[in-house]
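In what follows, subunit A forms one complex with subunit B and a second complex with subunit C.
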Partner chain A sequence: MIEKSIIIPFLIGLIYLSIIFIYRFTKWIRGLSKLDKLRLMQSLKSRRFMLSLKEIFMEGLLHHKIFLKNPILGYMHMSLAFGWFLLILIGHIEVMCAKNSIFVPFHLAIFFRYFETTKNFAFSGVFSFLMDFLLLFVLSGVCMAMLKRFKKQMFGMKRTTRLKTGDRIALISLWLIFPLRLAAESMSANLHGNGSFLTSTFGNFIGNSGSETANFIFWMLYSFSLGFFFIALPNSRYMHIFTEMLFIFVRNAGIKLKKHNNTFTDIQVYSCSRCGLCLDNCQLATAGINNTQSVYILKNIRNKNLTDEQLFNCLLCGKCEVDCPVGINTIDLRITQRIESTLQYNSSYSYLEDIPAQKADVVYFAGCMTHLTPGIISSMKKIFQMSGENVWFMDEEKAPCCGRPLMQAGQYEAASKLIFNNTKKLLGSNAKKLIVSCPICYKVFKEDYELGKMEIVFHAEYILQLIKDNVIKVNNSNERIIYHDPCELGRTMNMYDEPRSVLQETGKLIPVKNEKQTAWCCGGSLGNLKISQEERTILRNQAVEDYLQYKPDILATACPMCKKTFARHREIKVLDISEIITNSISKPTEEKITKQKTKNKIHENEFV
Partner chain B sequence: MIKNKHVAIIGGGIAGMEAAAVLAKQGLKVTLIEKEAITGGKLNDWHHLFPDFFSPKTVIDNLIAKTNHSGVNVVYNTEISKIEKLNGRFELSDERDTKFYSDAVIIASGFRLFDATLKEEYGYGIFDNVITSVDFEKLMKTEGKLLTAQKTEPKRIAIIHCVGSRDAKTGNTYCSKVCCITGIKQAIEINKILPDSEIYCFYMDLRLYGLNFDSLYLHAQKQHKIQFIRGRLSEIAERFDKSLQLKTEDTLQGRPLRINVDTVILLIGMEPGASNNLFTKNNKVTIDENGFMKPINMHENRNSSTHDGIFLAGTVICPMAVNESIENARAAAFEVISYLEKNKL
Partner chain C sequence: MNDFSYLKPASRQIDFDKFDDRLLLYVLKYELSFATCISCGGCTATCSAGNLTNFNVRKIGLWLRRGETEKLSEEIGKCMFCGKCTLICPRDINIRNVILLIKKRISMLKTEKEMP
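And now, the complex of A and B:
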C-alpha cells in the first residue's frame, strides 16, 4: 500500500486545481452578458469551433506567434507546452497498450515507470524510446527557461518580467518536475531495466548506489513537485495555460469589451502569461518609464493594486497589442480600466446646442487638433474647392470635440455627451459622407458613433479617390518622402495603404524599417496623461533620428498631432498628406539637375 | 607685450563690434568676422528701441565709427564653423576653409529668432495678416506704416506675448526677457500711427525688469488705451475676409474668449544661435540646458566660456537688451586683456 502513496501529493494538487478551475470558469462564463453568452453558444456550433481548436493547438501548444517573432523563445515555449502535452498523451497510449484496455487510471501514465517494471507489452521498446525522447525535449526547454531567467540577452530579449512570490513557487516547482522525473525514472531503470537511451544511461551512472528506498523517495519528490505546481498554479501566471483556451473560444465568438468591465476582463487578465514580449517594443522604456507596460497593468488588475500613475502613463500606441502572442486587447482593456477608475466629470455641454445643421452632401469635421494645424485646414479647403462638392465645414466657427480624447482619458460619460451632440448635427445635415483629417477623430467616428448610412472617410482615402477620378492632377516631384504611420490610423484602424498610395503620386516614398505595424509613436499622444514634456521629447527624438538616417526631404504624416510633435524637432520638414497634395498641384515641378544627381547617389546606397 | 597679440571675434553684431573696438583701442590686433555683408546684425532691421524710442541706427553708426577709428580688421561674408587649438594658438575656419589665427577668441555670434511657424496654431506663414514683432519693425523702418495684406488700415490689432518663450512644447522653457517691453513699445507705436485702432496685448504676466518699463506700461494703458488681457492664445483661424479669429481665455475674468482682429503681431523670442552646436562639436565650449553658451559661472565670470582663451559676449550667453549686450561685450574685452597679460610668456 505504501507504494501507492506516491500518487497522493499529485492527486491532492490535481483535485485542488480542478475545483478552482471549475469554479473560475463557471464564474467567468456566467458573468458574460446574455448576448455574449448567446454568441459563445452559437460559435460552438459553427465552424468557429474548429478554428478555435486549431488556434489552441497552434498558439497554446506550438506557440506559433512567438516562433515567428523569436524562434529560440518559440522553441522554449513549444518544448515545454507541446512536449509536456505529448508526454501525457503518449504516456496514456503506452498505458493503454500495456494494460490492453482503453479505460485505465489517469494517474498511471504519470508514474508508469514506477508501477510497471517489466518491458514485455507490445511496442514497449518504441514507447520507452519515445517517452525518453519527449522527456529530453521538455528538459531542453526547462534548461532554456532557466538560462533565460539569468541571461535574457541570449534570447534576444531586452527585458523580462519581474516575479512575485506565488510565481516564484510555481516557477521553481515547474523547473523541478522534469529533472525529478528524469531522476526517478533513471532510478527505476537502474533497478528494473525499463528505461531507454536517456533514463538507462543515467541509471547506469547511479550504479550500485540505487535502492528501492531511493527510488521511492525520488518518485515521491516528483509527485510533490507536481502537487506543488498544481496548487501554486491558480495564483500564478501559469493560470494562463488553461485560461488562454477559454479566451480563444470567447474571442472567436466575437465578444468584445464594451467600455465596462465584465468577466471578459478577468479572462483576458488571467490569459496573460507574462512572457514579457510587450516590454521590448514599448517606447516608454526609452524615456525610463518601466512599470506601466501592459504586462504590469494586467498583473496589477489581477492583484487589485493598480495605480492611476501606471494606468494613465501609456501612449495607447498599440504596439503591445501587436506583439502580444495571446492576442489580448491591451488598449480596450486599459481604456475600460480608465473609465472604471475615473470620477466622471460632470458637464452639461449646453453651450454646444446652438449651431443648426446645414444641409450638405459632404460634411468636413476638422477636429481640435486640425484646428491647431491651420495649414491642413487651408489645404483641405483647396481640395474641396477642386472637388466641387457641396461641403459643410461643420466645426469651422465653433468647434465641438469628437470625444476621443475624453474617451482615452476614461471620461466615457462626457465623451458620450459630445458624441450625442455631434451625431444629431451630422444626421441633420443629410450628408452621405463625413470627411475627417485627424485619425483621432476618425477612430471615434468609426467605433463609437452610430451614423447610419453616412460613410466615414479619412482624408487620405478621399484624396486618393479624387486622384483616381482625375479631379486632382498632381505632379511627381521626386522628393524623398517617409510616411509616418499615426498610431490611431495604422495599428489601431489598419489603414496603411491609402496614405502611401497618395504619396506615391507626388514623390518617391521610401520604405523604412519601423513602419506599419511596428511604426514609432511620435510621443505626442493624447492618450498619456502622466508623461512629462521632457519624456515626450525623448520619444520624439528617437523616432526622428531613426527617420533622418534615410535622408528624407519630407516626413509625411496623416495626423495633425504627429505633425505638430515632429515639426518641433526643427531638423526635419514635416507635412501632412493634404499639404503635400496641394503643394504638388500649385507649383510646377522644377527639377534641378544637380540636386537630382545627389539624390540618385543616395538611392544607390539605400540601406533599406 | 600683449600689443602684438591677436584676438578673433566671431560675429559683427553690436556685442562683437563693441568688444572689437575696446580691444583695438588698447592696441591689440583684432579681427572681427561677420557672416553677412554688413555689421550691426539683427539691429539693422530695428526701427526703434525700448523704452525711449531711441534710434538703433545711431547705435550702429557709433559702433561702426568706433571700430573704424580703432583699426579693427573687419572680415565680411565669413561664417566660422570650427575653432581648433593648435600650438597654444586658436585656428578658426569656415566651410570654405578660410583660416584665421589668434591668441584669444570672443564668441559674439548672437541669437536666432524663434521660428513662428513652429506654433502652427497661430498661422504664421499660412495667414497673411499674422506677422512677427520683427516683421513689424522692418515694416515700420521701410514703410513707416502698418497695413493689412489687403492694403487697408487695421482697425483691431492683437499683440501676442511669449511666442516660443516659456513654452515647454516648443522646447523653450526660459523667458526671452525683452519681448514684454517690446510689445508695449510696439503697441504705443501702432497707436501713434493708427490712433483710432483698438490694440490688445495677450500676456501671461508682464516681466518689466527695466527702470522705466513699468511707467511705459502705465503710459500705454492711460495715454494710448492699449488693452491688456491676461491669457495665452490657443489658436487663430482665418475668416473669409482675411480677418482673424482668436480663441483664447481671459484668465482674470475666468472665461473663454473669442475675438476678431485684422492683424496679429507675434512677439517672437530669442533662441540659441544656430552655430552654438557647431562650436561644441570639438569640445571647445559647452552649452547650457537651453542651448545658450555656458559661462564658467553666471555671477562674476559670465564672459569666460568653459574653455581657456575662448570668451563670450552678448546674446550668445542669454537673451539681453541692446544696452546689456554692449556692456557685456565691454566686460568681455577686459577679460581678454587680463587673460593675455596672464599668459604673456
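And now, the complex of A and C:
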C-alpha cells in the first residue's frame, strides 16, 4: 500500500489544476458576447477547426515561429513542449501494450518504471529505448533553459523578463521534474534492470548504493515536483501552455476586441508566455524606458496594477506584434486598455458646426500633421493640377482632426464625435474618392469611417496610378533613396509596395536591413503621450544613424509626422514622396521654349 | 447708458490662502516639462481646435498656473489631441500629456466631490 502513496502528491496537484482550469475556461467562454459565442461554435464545425488544431501542433508543440526567429531558442522550447508531449503519449501506448488493454489508469504511465519491474511484454525494448531517448531530448532542453537564465547573450537575447515569486516556484519545480525522473528511473534500472541506454548507464553509475528506500524516495520526490508544478502553474506564466490552445481557437473564429474589455482580454493576457521576444524589438529600451513593454503591460493587466504612466508610454509602432510567437494583438489590447482608463473624461465637441460641403469628384484631406509640412500640401496641389480632376481641399482652411490621435489617447467616444462630423461633410460632397497624405488619417478613414462607396486612397497609391496612366511623367535622377516605412502605414496597414514603386520611378531605391516589418519608428509617434522630447531624439538618432550607413542622398517617407521628426536632424535630407515626385517631374519641352520666347520678347521690348 | 464697468475692473489679486493648486501640482508631478512654459503662444497659433472655436492653449497654461479650475474644466474638453502644439513647442513641452493630465485630474475632482 505504501508503494502506491507516491502518486498522491501528483494526484493532488493534478486535481487542483483541473478544477482551476475548468473554472477559468468556463468563465472566459461565458464572458464572450453572444455573437462571439456563435462565431466560436460555427468555427468548430467548419474547416477552421482543423486549421486551429494544426496551429496548436505547429505553435504550441513545435514552436515554429520561435524557430524562424532564433533556431536555438526554438529547439529549447520544442524539446520541452514536444518532448514532454511525446513522453506522455508514448508512455501511455507503452502501458497499453504492457497491460494489453486500451483503458489503463492514466497515472500508471507516469510512474511506469516504478510499478512495472519486468521487461517481458511486446516491444518492451523498443519502448524503453524510445522513452530514454525522449527523456534525453527533454533534458537537453532543460539544460539549455538553465543556461539561458544565467547567460542569455548565448541565445542571442539582449533582455529577458524579470521573474516574480510565483513564476520562480513554478520554474524551479519544472526544472527539477526531469532530472528527478532521470534519477528515479536510473534507480529502478539499477534495482530491476528495466532501463535502456540512458537510465541503465546512470543506474550502473549508482552501483551498489541503490536500495528500495532510495528508489522510493526519488520517485516520491519526482511526484512532489510534478505536484508542486501543477499547483504553481495557474498563478505563474506557465498558464500560457493551456490558455494558448483556447486562444488559437478563439482567434481563428475571428473574435476581436471591440473597443472595450471582455474575457478575450483575459484569454490573451493569460496566453502570454513572457518569453520576452517583444523586449528586444521595442525601441523604447534605447531611450532607457524599461517597464512599459507589452510583456509587462500584459503582466500588469493580469495582476491588476497597471498605471497610466506605463499604459501611455508606448509608441504603438507595432513591432512587438511582429515577433510575438503567440500572436497576441498587443496594440488593440493596449488601446482598449486606454479607452477603459479614460472613459470618465471624454469630450463632446458641441462647438462643431456643419459646414456645407462642396460638390467635387475627389476630396483631399490633408490632416493636421500635413498642415505642419506645407511642402507636402503645395506638391499635392501641383499634382492635382496636373491630374486635372475636380478636387475639393476639405481642410484647407478649417476642419476637425480625423480622430486618430484621440483614439490613440484612448478617447474613443470623443473621436467618434469628430468622425461623425467629418463623415457628414464627406458624404455631402458626393465624391467618389478621398485622398489622404497622412498615414495616421489613412488608418482611421479606412477602419473607423463608414463612407459607403467612397474609395479611400493614400497619396502614394494615387501618384502611382497617375504615373501608370501617363498623366505625370517623371525623370529618373539616379539619386540614392532610402524609404522609411511609417508605422501607421506599414505594420498596421500593410502598405509596403506602393510607395516603393513610386520611388523606383524617380531614383535608385536602396534596400536596407531594417525595413518593412522590422522598420524603425521615427520616434515622433502620437501614440506615446508620456515620452519626453529628449527621449524622442534618442530614438530618432538611432534610426537616422542606421540609415546614414547606406549613404543616401534622400531619406524618403510617406508620413508628414516622420518627415517633421527627421527634419530636425541636420545630416539627412528628408522629403515626402509627393515632394520627390514634383521635384522630378519632367516639364514639357515646348513650355520651356515658349517661356524663353516670351522672355526674349520682353527683352526686345525693353531695348526698344 | 454706456457700460463703463471696465474702468473699474475687479480685483485681480491672487489670494494664496484660496489658491487652488490641485491641478498644477498633479500636472507637474507627472509632466515636469510644463514648468518651462514661456507662454509664447505658438501652440495657440497652430491649434486645430482653436481654428474652429474659441480655444486657447496658452491660456490653458496660464489658468493652470493661476489655479482657475472652473475655467479649465469648461475649456479643456475642446482639445482634439491632434498633437500639433507638442510638435511646434519651442520648449519641447509635452502639451498633449499636460492636457490629458488636466482632463484626468478634473474628472477625479468631480468624483471626489460626489463622494463627501
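Here is the rule we use: the second predicted complex is superposed on the first by the 579 of 608 C-alpha atoms of A that agree within 3 Å, B and C clash if a C-alpha of one lies under 4 Å from a C-alpha of the other, contacts with A are read in each partner's own complex, and residues count from 1 in each chain.
We adopt the following convention: a contact is a pair of C-beta atoms (placed from the backbone, for glycine too) under 8 Å apart; a residue touches a chain by one contact, two chains touch by 3 or more.
As the structure is a prediction and not an experimental result, all values here were calculated from the model.
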| item | value |
| --- | --- |
| Combined model on subunit A where subunit B meets subunit C, clash or fit | clash |
| First (subunit B), second (subunit C), both or neither touched by A:27 | neither |
| Which of subunit B and subunit C A:342 touches, first, second, both or neither | second |
| Which of subunit B and subunit C A:371 touches, first, second, both or neither | both |
| Partner chain in contact with A:256 - subunit B first, subunit C second, else both or neither | neither |
| First (subunit B), second (subunit C), both or neither touched by A:567 | first |
| Comparing the two partners subunit B and subunit C, which touches a greater set of residues in subunit A | C |
| Which of subunit B and subunit C A:473 touches, first, second, both or neither | neither |
| A:359 touches, of subunit B and subunit C: first, second, both or neither? | neither |
| First (subunit B), second (subunit C), both or neither touched by A:396 | first |
| On subunit A, positions contacted by subunit B and by subunit C | 371-372, 397, 533, 564 |
| List of subunit A residues in touch with subunit B within their complex | 371-375, 377-378, 396-397, 533, 537, 563-564, 567-568, 570 |
| Residues of subunit A that touch subunit C when the two form their complex | 308-309, 312, 342, 344-345, 347-349, 351-353, 368-369, 371-372, 397-401, 405-406, 409, 411, 418, 524, 526, 529-534, 564 |
| Subunit B to subunit A touching residues, read off their complex | 115, 117-118, 120-121, 123, 126-127, 168-171, 235-238, 245 |
| Touching residues (chain side subunit C, partner subunit A) in the complex | 30, 33, 46, 48-49, 51-53, 77-84, 87-88, 92, 94, 96-97, 100, 103-104, 106-107, 111 |
